[in-house]
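Should a chain be cited, it is by its letter among A, B, C, D and E, assigned in written order, with residues numbered from 1 in that chain.
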Amino acid sequence: MLINCAAYQDGKKLADVPIEAISDYLVKPGCFVWVALKDPDEAEMAAMKAEFDLHRLAIEDVMKGGQRPKIEEYGDTLFTVLTTVEAGENGELVTGQVNIFAGPNFVLSVRHRSEQGFQDVRARCEREPELLKIGAGFVLYALIDSVVDRYTPVVDALSAEVEELEDRIFEKQGLAASRALIADLYSVKRRLVILLHHVTPLVEAVSKLVGGRVPALCTGMQAYYRDVYDHLVRVSNTVGARRDMIVTAIQVNLGMISLAESEVTKRLGSFAALFAVPTMIAGIYGMNFQIIPELHFRYGYPACLAVMATIDAILYLRFRKAGWL
Amino acid sequence: MLINCAAYQDGKKLADVPIEAISDYLVKPGCFVWVALKDPDEAEMAAMKAEFDLHRLAIEDVMKGGQRPKIEEYGDTLFTVLTTVEAGENGELVTGQVNIFAGPNFVLSVRHRSEQGFQDVRARCEREPELLKIGAGFVLYALIDSVVDRYTPVVDALSAEVEELEDRIFEKQGLAASRALIADLYSVKRRLVILLHHVTPLVEAVSKLVGGRVPALCTGMQAYYRDVYDHLVRVSNTVGARRDMIVTAIQVNLGMISLAESEVTKRLGSFAALFAVPTMIAGIYGMNFQIIPELHFRYGYPACLAVMATIDAILYLRFRKAGWL
Amino acid sequence: MLINCAAYQDGKKLADVPIEAISDYLVKPGCFVWVALKDPDEAEMAAMKAEFDLHRLAIEDVMKGGQRPKIEEYGDTLFTVLTTVEAGENGELVTGQVNIFAGPNFVLSVRHRSEQGFQDVRARCEREPELLKIGAGFVLYALIDSVVDRYTPVVDALSAEVEELEDRIFEKQGLAASRALIADLYSVKRRLVILLHHVTPLVEAVSKLVGGRVPALCTGMQAYYRDVYDHLVRVSNTVGARRDMIVTAIQVNLGMISLAESEVTKRLGSFAALFAVPTMIAGIYGMNFQIIPELHFRYGYPACLAVMATIDAILYLRFRKAGWL
Amino acid sequence: MLINCAAYQDGKKLADVPIEAISDYLVKPGCFVWVALKDPDEAEMAAMKAEFDLHRLAIEDVMKGGQRPKIEEYGDTLFTVLTTVEAGENGELVTGQVNIFAGPNFVLSVRHRSEQGFQDVRARCEREPELLKIGAGFVLYALIDSVVDRYTPVVDALSAEVEELEDRIFEKQGLAASRALIADLYSVKRRLVILLHHVTPLVEAVSKLVGGRVPALCTGMQAYYRDVYDHLVRVSNTVGARRDMIVTAIQVNLGMISLAESEVTKRLGSFAALFAVPTMIAGIYGMNFQIIPELHFRYGYPACLAVMATIDAILYLRFRKAGWL
Amino acid sequence: MLINCAAYQDGKKLADVPIEAISDYLVKPGCFVWVALKDPDEAEMAAMKAEFDLHRLAIEDVMKGGQRPKIEEYGDTLFTVLTTVEAGENGELVTGQVNIFAGPNFVLSVRHRSEQGFQDVRARCEREPELLKIGAGFVLYALIDSVVDRYTPVVDALSAEVEELEDRIFEKQGLAASRALIADLYSVKRRLVILLHHVTPLVEAVSKLVGGRVPALCTGMQAYYRDVYDHLVRVSNTVGARRDMIVTAIQVNLGMISLAESEVTKRLGSFAALFAVPTMIAGIYGMNFQIIPELHFRYGYPACLAVMATIDAILYLRFRKAGWL
């Protein structure tokens, strides 16, 4: 589905362009065309392939989806695959794919399963003609930057979740809460791994636009791409550090469970001991020996009860003091 | 066993060629021969060695089997060892070996213990003459691509299995199910390690066909080999991420077992307490003191039973509330 | 907020300079201006941007904060982001950000959320004119060195805390203390990870000022930057080694908890056994068989009590010897 | 102790050579001398040093032993240290050391504590004159290849042991068997680490004979050294994968122990409950209340026993169903 | 404190030199001065700085101490920081620092907190004039070699300790011994980490004297520095392998504790069951039903006791067979 197609010259929008007219603008000097597609069908992609002379392997990647983030050179065209990561309704991460072809006089973005579009990027670019004048290299930067910017709220949400879990580990809690805590720790770990799975290859890919031999399209844009790169490394390091802590958190959680278990064992054992003492004494005075003098004492029974109660009281206090009850 | 042997020129099949006639075609300019063998015997390999001037160490590797995936240059011939990985009947991974010799004017593929052949690769190549025209370099790509493509269902099946196990970890379950879960977690980990064991060296080997000094046979095929490389890295990263989660899953599973144990301890302990109370009271009224006034009350017995029941009811409710029963 | 602004020539201070007059000094040969800002507003930064021709991306980094430590070249200006790490009141780490722009004839430092300023650095520099004569390259070194020096007390405090925790692991302790110990181990691990999170990128950044192609500003300062680099590597390795030990400490702590649990189980079990024996004997002599000869013995009852006491005494000694009580 | 000393020319053995006559053969063009020593004394090594002009540090390494595998150049002589690893009687790994000096016209092998000699290597070389013709470079390859080949049975035995242990983890077993299993897991891990300790440096050392600048002695032998290298990497990766699994196996084993413990707790607890019920009921009817109507029922006693048996039967079935007994 | 100061020429000692006369010898061609200091004060170091033209940052490093091992070039002077590691009285590691300045015509060694001096190194050097003739480059090698040699007994002692701990893990033992074992495992791990902390940076530093661009001072000494490097790598790998095993040992130890706990649970539970059976039977015959025929049997009581004993005997044998008692 075509979302948008416009031609730009000297940082200003010339006109909205119908697909058939793209080639007219491509030949104009200092002019470039910016096309945005969403979930295109085979025919649309075929038209784009013809228009911009795209490589069939890149087209295949776009149509098949499920690619890892990468930036590849096909002649003087850069083919970029980005993964959008958004927090879904139940906290699960929802990933989409954005493919960008950027040549000397065109930018083509194709997005799949990603709700958020890039209208805001286009609008911002149009408000900054002195930058948009740079051409396709700047638009490519703006699109990558926009995708990377959207990682931040996801990382922040996960960080907040990690911190909340860290607090819960050290709270006293019942079995159900413990169970939920373990499941939550696991879930966060899983989402951090997924996020890293998408960010790591992008870090590597963008690094190639920053140092060493840089594609012609990006020359003179070093500071901008380095900025995106920095942002990505920051995201990647933050996620890495969180993942490191989650692993420890799970281990520490095991320790807390063991401690809680230990506490239950102590309480139940102490409880049992409190019953065992009177039962034993009662057993003794339930024996049928002919001669058990205490049985004939006038206050034998209350005295016996008093002894039981006293012993239990002493035990109770000692268990209490030892922290067993 | 000879599966297939044909000569190609300008992207079109010239003829099926008997082994003895191979050398006639090798000398024709712009012509190449594509031979497919399966589990060949020594004599067949000796014939191939003579025909294509193969190195004795490569022949040894083919006959001995058990090699790690690799791509080696012997003069202008590339010797490629690939591992096929398929899911066997009981889910176990079945690995086979595919060896490919590719020279300027020939491709020889030899497969061992691999059920699936490469007839479909040949058929697809023959349908695309403009690509087949490139020659041995393209056929080599098509064969590697085909082997790598077959990893995808294996990885997908393992991923599905990991996700199913992740769900089972957090289900309440009996001892036998727990036992089975641990065994399944271990089994998946083992298969992921095996898969990685076969994929990792191939990633490294194919990377040499993509950047830096590339063998003559593969020049001009960069985009294609980069595509295979990308696919391999994706497989490798996915398997790596799954393995990372499995390790955490095993650890988390330990936590769930500890929790379950804790629950059992609590239930049994509470259960015991429910019996201990009436037993103690009964013991007291089983004592033989001469004077125990309660024993002579008219409703002493039912009152005593009522007290027992009441205490137990209270305990039961408190244990319930505390989540112990 | 402007903290300080002065011009220097030949290692000596020329004058305090109002912001408007900066450009007058910038054109003087062999003269450089050193400006210090704290939590500047947009207008102040805009003035600085105009005065020193700073890049808008660097300005953005300064205003947004939350950057990772880095050293970037914008033309012949070096833009440095440093993180100050200080121990807060309750032991938590408080991080601030220091940004330094250093060009051939100026140094501009901007700090955020950092209590400690750099007046002492300025004072020290002014006391060493032969070094200050080198110019902006030396001032940059002095500022970085000062930030890095302040990591040492933080690392030392954490190291001391680790050692104190190591001792506590092997002490016998109650449940509450164990709980606190686990929480403390976790807290230290977290702070070590945070510290490493800030130090690691700085190690990498400073390494670029030491070997290979070095920015013009830092040439001839190799020994000094190598010194800072060394210091950073030392901090990083110490923190790494401590983190390694903390992970083991947590694991060992789990072992100690298991041991303590084992001890409780043994004690409670032994305790129960001591009650079970007399209860069983009492039960036997509480049976109502018509003929139980012992019941009619004259000293049956005391003998019975003596047997109970003897068996319990023997059991008690054996449990004691086995280390169960 | 001199094992063997012979001169070769054009791939054929010229003569067995007494040590004193070595220098006569060294000067003959196209001729090389191959000497094999076992546990030599200082005098023998001194003679060799003089004969072949060996470096004193290499001689020291030979005499001291305990070196890590390495390949070092001293001028145009290659000094190679290899570790032989054999399975000893009780499964423990027995390591020996083989030192090889290889110069343009000689090969000197010195072995320590290694039972197996290299007579078979010499015999095989003498049977292949076309290869032996290459000279010392080929003999060096043949010796390294022979040592590396002997790792295979050790790795295979360890792999088999790992697989057997993997099966045992999931068997139900008694305490003694569990204890033995843990000890066996540990022992295998230890042997894998030892093996890796010897193989890893050799991988690195041999890699230097394969790519980049190769010592003169090995030029034209690339395919052969690459073959050894491949073999080593395969051994190293296999051992690494096994070690990875052993770590998981130990963790999983902990889970199985916890499960077994949980099972015991449940069985003992259920068992106790089965006794607690009749004991409680018996206690109730052992009370001495004047009016307990049931006591006077004609079939009170059998009815009571029947109730006890019924409750226990119900409990037994429920525990059984819950998997507790 | 000045320990020693002598001038050497052509491998022979010229004279002991007072500090004031050093400069006289420095100008003599082919002559070098070797000074040894211990815990020098500021004045002594200032004299050395003047005499040998040392860099102020290196002097600071010497005076402050606590540096990580490193080798730095200041012009044609090499500044080397080494850590001595010795086993203290109670097994704790005691570290000292040795700083060596080596220029074309001098060597200055400064040691701190290190008991062992380098008199033996000097003596050995003076006995080998043909090596000492090489000059400062050889003395530097001899000093580094001497420090590295002293790591060997420390590593050997730790290795022996690890092996002894490995044996103790699998012994049956009481709580106190288990507690001590865990503490010992932790202590060894800590010392291995400390050792690695000192050895790792030295490996890296010495590697720079072996390959690539080598400082002028060390040219022609490649074989010697490679020998030290080899030794260091060996130490580093051994310590690394031991650390790997210690981590597993701690994990395995947890398993053994769990097993021991399991054993105690079984024994106590079985013990309890042995008492529960007679108690239940006694309870039954303690009931007050009017009609309990067994009570009137002549041998009812002994028969009852016999039944109790029989059941317990059977249970005892079964528990024994099941390995529970």
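The definition used in the following text is that contacts are C-beta pairs under 8 Å (C-beta built on N, C-alpha and C of every residue); 3 or more make two chains touch, one makes a residue touch a chain.
Here the structure is a predicted model, which means the values were calculated and not measured.
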{"item": "Given chain A and chain C, the chains that contact each of them", "value": "none"}
{"item": "Chain C to chain E, fewest steps along touching chains", "value": "1"}
{"item": "Centroid spacing, where centroids are CA-atom means, of chain A and chain B in whole angstrom", "value": "25"}
{"item": "Distance from chain C to chain B - Cα centre to Cα centre, in angstrom", "value": "40"}
{"item": "Junction residues of chain E, two or more chains touched", "value": "251, 254, 258, 261, 265, 272, 276, 279, 283, 286-288, 292"}
{"item": "Arrangement of touching chains [line / ring / star / complete / other]", "value": "ring"}
{"item": "Order around the closed ring of chains, commencing at chain B, then chain D", "value": "B, D, E, C, A"}
{"item": "Chain C to chain E touching residues, read off their complex", "value": "166, 169-170, 223-224, 226-227, 230, 233-234, 237-238, 241, 244-245, 248-249, 251-252, 254-256, 258-259, 261-263, 265-266, 269-270, 272-273, 276-277, 279-280, 283-284, 286-292, 322-323"}
{"item": "Touching residues (chain side chain A, partner chain B) in the complex", "value": "55, 57, 61, 66-68, 70, 72, 74, 174-176, 178-179, 182-183, 185-186, 189-190, 193-194, 196-197, 200-201, 247, 250-251, 253-254, 257-258, 260-261, 264-265, 268, 271-272, 275-276, 278-279, 282-283, 285-288, 292, 294-298, 300-301, 304-305, 308"}
